[in-house]
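Letters A, B and C name the chains as they come in the text, with residue numbers starting at 1 for each one.
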């Protein structure tokens, strides 16, 4: 079963294979399943970019998308995620894409459902297709990850991609540093990269990867940090001028303009923010193809009549 | 006009024809309309299973589905159901599937709209595609309905399928008994089956059909019944052991686990709960095909220009 | 870039070309883009008719529609309309249809996004596809606009179509008069037509175009007007009897039955209300085709790598 749950669960070889496939799709490769296939996108949290991106990817692959409205589903009647996915499996859905606010929501699904689960974001945990599209954007720019320095700056602890990007980049040969408010950083990140002051990080990196402030995941009051954030930790017009030649700016979006990045820089020549979005479609095509291809020898179909056995 | 409003409105022959068509679809028959056809699913109540099942059925038939979001429609501006359906008819929709909390909502449509209405559940009244998928599941298991004993257990009076299933099963030659809390049963059901204590019903039936407790349709407080429900009326692990060899368990889902049925039994070898869901897709394909095929000689198209007549 | 923002921005020739194309589609012309194309419908206000009509039009053109739920999008995270549209552009969406409560919402998009915007209604401002379908319905009935008298009656000042219809009709050679409550009329409309008392307007016009009372756009209390509206300004059964032979009734819908028009007249032989809806699909097909065809030489694709330049 080719779930995609986290970047950490992918070997370096698997990551490279997905990026290769994504590049092929970007260059025009066509692939469609031999038979009609159905997919459902279960988004239990608001999303424009990721959900739409999956929709485009699915339709480019010729899949039929079954709409799912979390606010109008039987989840309101108390149905569990497991029962919801098993229901979709029973009616013929071949893969599910899920975003859910619970960390590791997929633990109740893996090994118990017969269709692949593609994680589109869980809690503060993982967001593997975002990581993969970040990697594709860097690879596209620099050809290789070896020797590249990447600065991950901002709301590190609430980000779904900081840890997994740092981990994957390190495995692929890049050097990672973190920056931003110390309150939003902790030592568990030191395994994949050291902490640098924001000016050094911005001036010496090939990739300046800004993170969105995840207000919606902050428990307490963070207004003290937010107010001066742009001057203290943001990519100001002044700081951009000191970036290395050839270096690029990334951000997972949606951008808080004039907070993480100056409004004028969002679409400047260094920015790859909208390129990241475009790349996301092709990464998702690759991930879905991988899921559907390996689904063949999966669990028993639900319609296979189980032999009756006497309970004892 | 081939509406599908209730099981009671179908003759035994029509029921059998729909089940035959559904089995053909299940075995791989393909059918698509000769021209592009549109369908809209108007769900004014939450649903995962039924709505998704209709979507899959529609897309397997190659139909184009026009999204309809009850929370975001002109119904908010006070538009009636009649005007909504006439609107959809005018823009080219060829059939509508409707779930609505009002009993007999379709009375304001029948004879007045020019496209078929497929009832996906009205109030506590009817849910004919659920009935038909239940019948298909029983037929699939036992080949025939004659001589089969079916126990319908639980929230009989608030169920959309208890009465219509009992009626159809009786007409098809099966024997029906009811069980569950006496408060949720009334003598109007005695026409199609007697009341039996739950242990006898479970031990002597070929089909144990459990009903979901429809909390959302209970007016008053039912916590007194719910609390001990599982021990008093539910399919406990203990009761399942006393079921007849070859007998099966059914439930329309979503299941209240450990209330109507023990958690461990939901996917046990006797359970046909997920098979019912799968069958639902093929029953809905059959029902939609029937509606679209008979729509040919229907009402005048809206675009036929009416001859002008002077009002007097 | 072939946006469609308002009727006023179209020349008489462009209006006629769109109506011609719409009539061709109505008569069965088929047109599909050579390659897979994506469209998104961004409705920030409730709508059944317009949204569904666009959906049918899009699917008749073979387009893939990317669902967008305003209540569940990143707009909730504070994303601007500009960033939302740029996001959709980046992931490969080829055109957007937008309804928004802000007058001239499109000013922040025009010249800044690389895909065409089709306005499906802004504030009290414009609703060009409604205007065009009104024009098509009149043309269909009378062949030409020259010499036709059109009465626009009702909530003139809050209507999205009163001004643009009056303007376009005048340009096309028709004569326009306004009627209804004086409070809902102002002298800025006098450029395209005079004010007439309701009885004269109804008795002497070829087209009686009733406007929906837009309660949701009235700031204060309008109950005083609404209460006696039907008798004072509505199309009563009595007034319809005094209409000219061959004259027709139009209304953009949804209708407030027995307010703007007597219930019995909504589907009378003079009424073109449901014909308007049908025509809407073909007008929208024409408008979308026009947008997609002219999009070819548009802005630079987002994936074209910008040459890196050093910020100075």
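Observations, loosely collected:
One rule holds in what follows: a residue touches a chain if its C-beta (ideal position, glycine included) is under 8 Å from a C-beta of that chain, and two chains touch if they have at least 3 such contacts.
Remember, it's a predicted structure, so these values are computed and weren't measured experimentally.
Shared contact partners of chain A and chain C, listed by label, are B. Chain A and chain B touch with mostly distinct residues; of the residue numbers seen at this interface, under half occur in both copies. As a whole-number value, the distance joining the C-alpha centres of chain A and chain B reads 39 Å. Along chain B, residues 67, 69, 71 each make contact with two or more other chains. Chain B meets chain A in the complex at residues 26, 43, 46-49, 52-53, 55-56, 59-60, 67, 69-71, 216, 237, 240-241, 245-246, 253-256, 268-270, 274-275, 277-278, 280-281. By the touch criterion given at the top, residues 36, 38, 40, 64, 66-69, 71-79, 83-84, 86-93, 302-303, 305-312 of chain B touch chain C in their complex.
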